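First chain A sits with chain B, and in the next complex the same chain sits with chain C.
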Partner chain A sequence: MDRILNALGILGLVLLAVVAVLLLQNWLAGGVQLDRAALSSSFNTFTTIFLGIFIEAAPFLLLGTLASGLVEVYFNKEAVQRILPDNPFAGALVGGLLGFTFPVCECGVVPLTRRLFHKGMAPATGIAFLLASPVLNPIVIASTYAAYGWGPMLWLRIGLSFTIAVSVGMIFALHQQPRSMLRPLAFAPISGGSIELPVIQSRPTGWARVQQALTIAGDEFFEMGRYLIIGSMLAALLQTIVPQSALLALGSGPLLSVLVMIVLAVLLSICSTVDAFVSLAFVGSFTTGSILGFLVYGPMVDIKSTLLYLQVFKRRTVLYMVTLPLLLTILAAVFLNLNVAL
Partner chain B sequence: MKLSERNYRLLQTLILAGMGVYLLVKILGGTLYFYINDRFLWLVATGAAIFMLLALAAFRRWRAAGDHAHHDHAHTHHGHSHGSRWSLLIVALPLVLGFLVPAKPLDSGALAARGISTNLGAGSGGGQATQLSVPADQRSILDWVRAFNYSADPSELAGESANVVGFVYHDPRLPANQFLVSRFTVTCCVADAFAVGIIVESEDAANWAGNEWVHVQGTIAVASLDGNPAPLVLAEDIKPVPVPPQPYLFP
Partner chain C sequence: MAYTRFDRIVWAVLGLLVLAIAGVMLAGDHVGVGLDLLSPSGEGQAAASAPLVLRFDQPMVAASLEGRLRIQPEVPYRTHWQEQTLIIQPQSPWQVGETYTLSLEAGVESQLGHQLLEDYAYTFTVREPGLAFLVETDQGRELWAASTLGEDPARLSSPGHSVFDFGVAPDGERLVYSTANEGGGLDLVQVTRDGQADLLLNCGLDRCTNPAWSPDGSQIAYSRAPAGLDEGQPYGPLRVWLLDVFSGETFRLHADTQKLGYSPVWSPDGGRLAYFNGVEGRIVVVDMQSGDETYLPTGSGAAGTWSPDGQHMLFYDIQTVGGQALNVIYRADFANQDVLPLFDPLPSDASYSSPAWSPDGEWVAFRVRPLEVGPGDQVWITPADGAYALVVSGDEGYIHSDLEWDSSGQRLLFKRIALGVSFPDQEIWLWTREDNQLEQVVPDGTMPVWLP
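Up next is the complex of A and B:
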């Protein structure tokens, strides 16, 4: 796993290096004027989009790591286990509803969930929480309302996201040894070493506790932030080289439109707090089901959140977490396109 | 090569503080809006504050690690494998790019992958009539595109006076005496940027370089692009302007 991480890191650096070398080479050779301009222009586009995603997402990740640090310092295992149900199916249901208490989008929820696993939360509960909370939270509901009003789109988005999150959680609840789905470092100190083991020998008080929560948050920002950054770079790179128009030109038909909008959601990697506004731009030219697919699947899975999931779960589990919601979303969206006229 | 706890904390402090400073520089220097919609200013300000707080905590850890260097030696090295170096390096990337690459808004170079629209689907946000309540000569490019979209009969808009700012884009679909004057609209961050443009008709259209920011004054007429009605300005005056402090339109 660490090797994969390093490979990704190296990939990012190599990409940067390639761009830099190309730029330099062109500049030195005095190259074809147009190529140089085009190249530096795409580098400019890449940098701007990358920094845009990062500046937008970093505060959410910070809020998530801060919440994680506070949970670590101020909650003990018994409290968490007392609050959450023992039954994994009930747990999945509760996990789906838990999002209302934590109004942060997909970047922030991952560190918090991992911390709650560490405190004994059942994997099924955590997975439902992870998938549901990017949509089922007050901020996202408010922004969807602002974009679509009290229409079927709002209710369908909330209802479908909740249903899919809880169903996937319940599927995972069937697992015989649920703890084995988690990467060991989800509840042990990290091998990467950036986490000082947050074992509290002597319970610190007052400022020492705050200091400890902040240190955990800082360490976790580095640990999770690298995935956010690699994910943002990949998204920015794809956005710079893949023409959206080609993708959107595919956009009709009850199935194809859904697939196109889902690919777009993954590619854009935009935060769930605002994706409703973004989706408005496609309302006229895309099917209702495909817009719903964009609004339901995008918050659950995109490039950066998948990389973050890999930090918490084993690869097989992440594969299921990505594909089960995908199939359910496609099913619901295509059904909507074929049977309901909105 | 292993990082000691002490060095790790020092680099962590520098990077976290650097992030906070970077965000503050963006906010104060006014280039923040090259990256995100202005409604997220509070979010970035919060982020900068948290970065500073975390930097302070890391700084105190660095100091503490210095004091206890001898006692802690055995187990502070314990967990530090290559992973921490990698995360320091990767997390420093946005700082390197952010400080070394001059801040620039998206320009017509980004259009190749993003496309440009002279007629939005349903447009983003806002009620249907809002852009018509804006006086004609204060309407932005986005307002005009929307007005044409919502209007049952766009020809009613012909003859109104237009007064818009945007960058020049020589769309291959247009004849030599026309170009598009364009803006990106940004809902959240530049990752969702979407270009809109209106056609400008002028005898010296070909003389304006692509990407140049211009102020166009003229009269609205109805053109057709790809079979859809599109706004066209019969230009009376085109003059170069500096890049506006808010290069994008926020729907």
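Up next is the complex of A and C:
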């Protein structure tokens, strides 16, 4: 009950903040007089965008939490540790390769990674997996193929995402106390029925095992879901305040176009399973590098996924997880714009 | 929270990445802007009416062309963009035999921030025009062409294709003709001037006819009659359609399906398209930018002839003059929105029709049928103001038609059929203004058109 009240309280506060920001925007645009119609229109826009992002992402979060539940029930810690390499650099490489196997996007990958940390996965491996999986998973590869065919955009998206994910993972492999990058509840098995990260105390068999996996998935879905809601609200709010058209009007030049498309990717917070189709609209009017930046960075970092990262990693780690891929993406995209004719 | 060795490494990496980005930016653009010349495609040879068409590989900043685009020797021209394609049209046809150079200076910018890295230049010489026409055979009509006058013509249409009608691209490299398909419809087939044919538009059971290439070569206007609902049912009414040559997309000129018409004719600047609406009995002139329509009531059954600047049109209509039904030529002024007879006072002893405005704007050729002579007619020319008239072909034992000026306005093609002869040939003749000479160029052919 406390959990529900807590979650409702947070959501209420966010909603109040949304209304306050929209009122402020209305006041700045229209002067002292409150324009009820404009406010209502802004709120409608906000609601539509919010629902669009949330409804799109929720099934993938559910898929991720289901995978997390299954991992918790069917994989023991020893098995996971036996599969994954001890060397953290090799671990980062394996983390990147694991991205090809799990059909989870940026929302679903967070609970799954958290569960794998709990099972003993090294943080460098987990971070590489976390960054790689939203792009390299089979569903996203298929949707990118559907949008761009077997062209350079597909291979560049796969290759660059893998390279960035593994590179960032390897940088994190340099950390001497890697577990200190994680928030305690991300990896510590909490006994006595933890409300934050449900773990099993005994090993049931058969149907009971499935039920247990589903219970864990359900708990985790509601736990991570509130951050998804808040992230979606923030993304919707920013999109309401900063119109896409204003952003796109800035978008020319080899560097500026990349920055604009990356900001757009973060603001839109579109699920990586569909972002390839969205990006098609920008082909021809934006540089190839900037579209690649949109497709590579957007799935790794956006508003809702950043909020989810903050539930697993410490703030400074999240800062690095955001900035390292950002600069790597910009470097690759700008290099592509200025040196490769596609 | 204390900064560890790891934090220092990360900040160092971040710093290096920022430097690397700056380095890549400072190294500059090595990609630039790519461009292809789509027209003229004749290896240094160009038609007098050929637009210069440059396709860039990215959307361009049109203003950056200012001062960087040149044509030598200088001629007035207009440009317009169709997405990434720049179309340059001279305001009057290129001069036959002259050599021109199109140049584009490096620095032209794209909307994506790239620049044209090297100067671009293309030199071409304007070739003599040839002739295209149809020949009636036992198997139907065939399309023939000669690259220059005097050269033996060759068949262009594919064997077995019976040609309904045809149009010529402004660059003279391609022709398009309508021909029957297996389903009974009429398709549009494209053929190069050396006879390489391929299907341009499959019209299925519909009948696509009257192809007219836009002056910039980017679109083909044509008439399309939908097939009846069932086999054996009559065809539906003709409407004007457009085919985008670059994308292959087709669309109706008017979204409103109630707007009917056929025989589209482009204005020389491509800004207007005229066609004839047989139901309403009028020429419809559509402004292609605004979509505004102007109507010219006439019973002539065809659109008129454009002035070179596209601001005027000559057409004819049946009028009662002195108790006689005569064809009278009118001049429509689109800027002033008025229509006046070309000749004032109206002639009462002859019927004037089928005007053809010369591309230099100076002369108008037309058919004259004196009332007292009989069914035969003559070909005359008059200055564009109708001040006086000269006889080109005065033999009244023939019916003349298909008057076609060349790009310089110095030569006129026409067809004539002898009267009082069983199964007469359709002769194609050429009149030269300089020496006022008439010469037969094709002993049996129809629908002559200059092949630029």
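Here is the rule we go by: the second predicted complex is superposed on the first by the 297 of 342 C-alpha atoms of A that agree within 3 Å, B and C clash if a C-alpha of one lies under 4 Å from a C-alpha of the other, contacts with A are read in each partner's own complex, and residues count from 1 in each chain.
The rule is short, and it goes like this: a residue touches a chain if its C-beta (ideal position, glycine included) is under 8 Å from a C-beta of that chain, and two chains touch if they have at least 3 such contacts.
Every value quoted in this text rests on a predicted model; they were computed, and no experiment measured them.
Trainee: After aligning the two structures on chain A, examine chain B and chain C and state clash or fit.
Mentor: On the superposed model, which is not a single observed complex, chain B and chain C clash.
Trainee: Does chain B (first) or chain C (second) touch A:S285, or do both, or does neither?
Mentor: both
Trainee: For the overlaid complexes, name the partner, chain B or chain C, with more touching residues on chain A.
Mentor: Of chain B and chain C, more residues of chain A lie in contact with B.
Trainee: Check the residue A:V334 against both partner chains and state whether it touches chain B (first), chain C (second), both, or neither.
Mentor: Second partner only.
Trainee: Quick one: is A:L62 in contact with chain B, with chain C, with both, or with neither? Answer first, second, both or neither.
Mentor: Once the two structures are laid over each other on A, A:L62 reaches chain B alone.
Trainee: Tell me the contact category for A:Q81 with respect to chain B and chain C: first, second, both or neither.
Mentor: Touch status of A:Q81: no partner.
Trainee: Kindly classify A:F50 by the partners it touches after superposition: chain B alone (first), chain C alone (second), both, or neither?
Mentor: Only chain B; A:F50 stays clear of chain C.
Trainee: Applying the touch criterion given at the start, work out whether A:T163 contacts chain B, chain C, both or neither, answering first, second, both or neither.
Mentor: neither
Trainee: Report for A:G253: first if it touches chain B alone, second if chain C alone, otherwise both or neither.
Mentor: Touch partner of A:G253: chain C, not chain B.
Trainee: What is the contact status of A:F277 with respect to chain B (first) and chain C (second): first, second, both, or neither?
Mentor: first
Trainee: Return the residues of chain A at which the contacts from chain B and from chain C coincide.
Mentor: 284-286
Trainee: Write out the stretch or stretches of chain A touching chain C in their complex.
Mentor: Chain A residues touching chain C: 171, 174-176, 252-257, 284-287, 316, 320, 323-324, 327-328, 330-331, 334-335, 337-341.
Trainee: Can you list the residues on chain C that touch chain A in the complex?
Mentor: Contact set of chain C toward chain A: 1, 4-7, 9-10, 13-14, 17-18, 20-21, 24-25, 27-31, 34, 57-59, 84, 111-114.
Trainee: Where on chain B does chain A make contact in their complex?
Mentor: For this pair, the touching residues of chain B are 8, 12, 15-16, 19, 23, 26, 32, 34-37, 40, 43-44, 46-47, 50-51, 53-58, 60-61, 78-84, 86-91, 93-94, 97-98, 101, 103-107, 109-110, 112-115, 120-125, 187-194, 251.
Trainee: Which residues of chain A touch chain B in their complex?
Mentor: Interface residues on chain A, with respect to chain B: 2, 5-6, 9, 12-13, 16, 37-38, 41-45, 47-56, 58-60, 62-63, 66, 146-147, 189-197, 211, 214-215, 217-219, 221-223, 225-226, 229-230, 233, 235-236, 239-245, 248, 268-271, 273-275, 277-278, 280-286.
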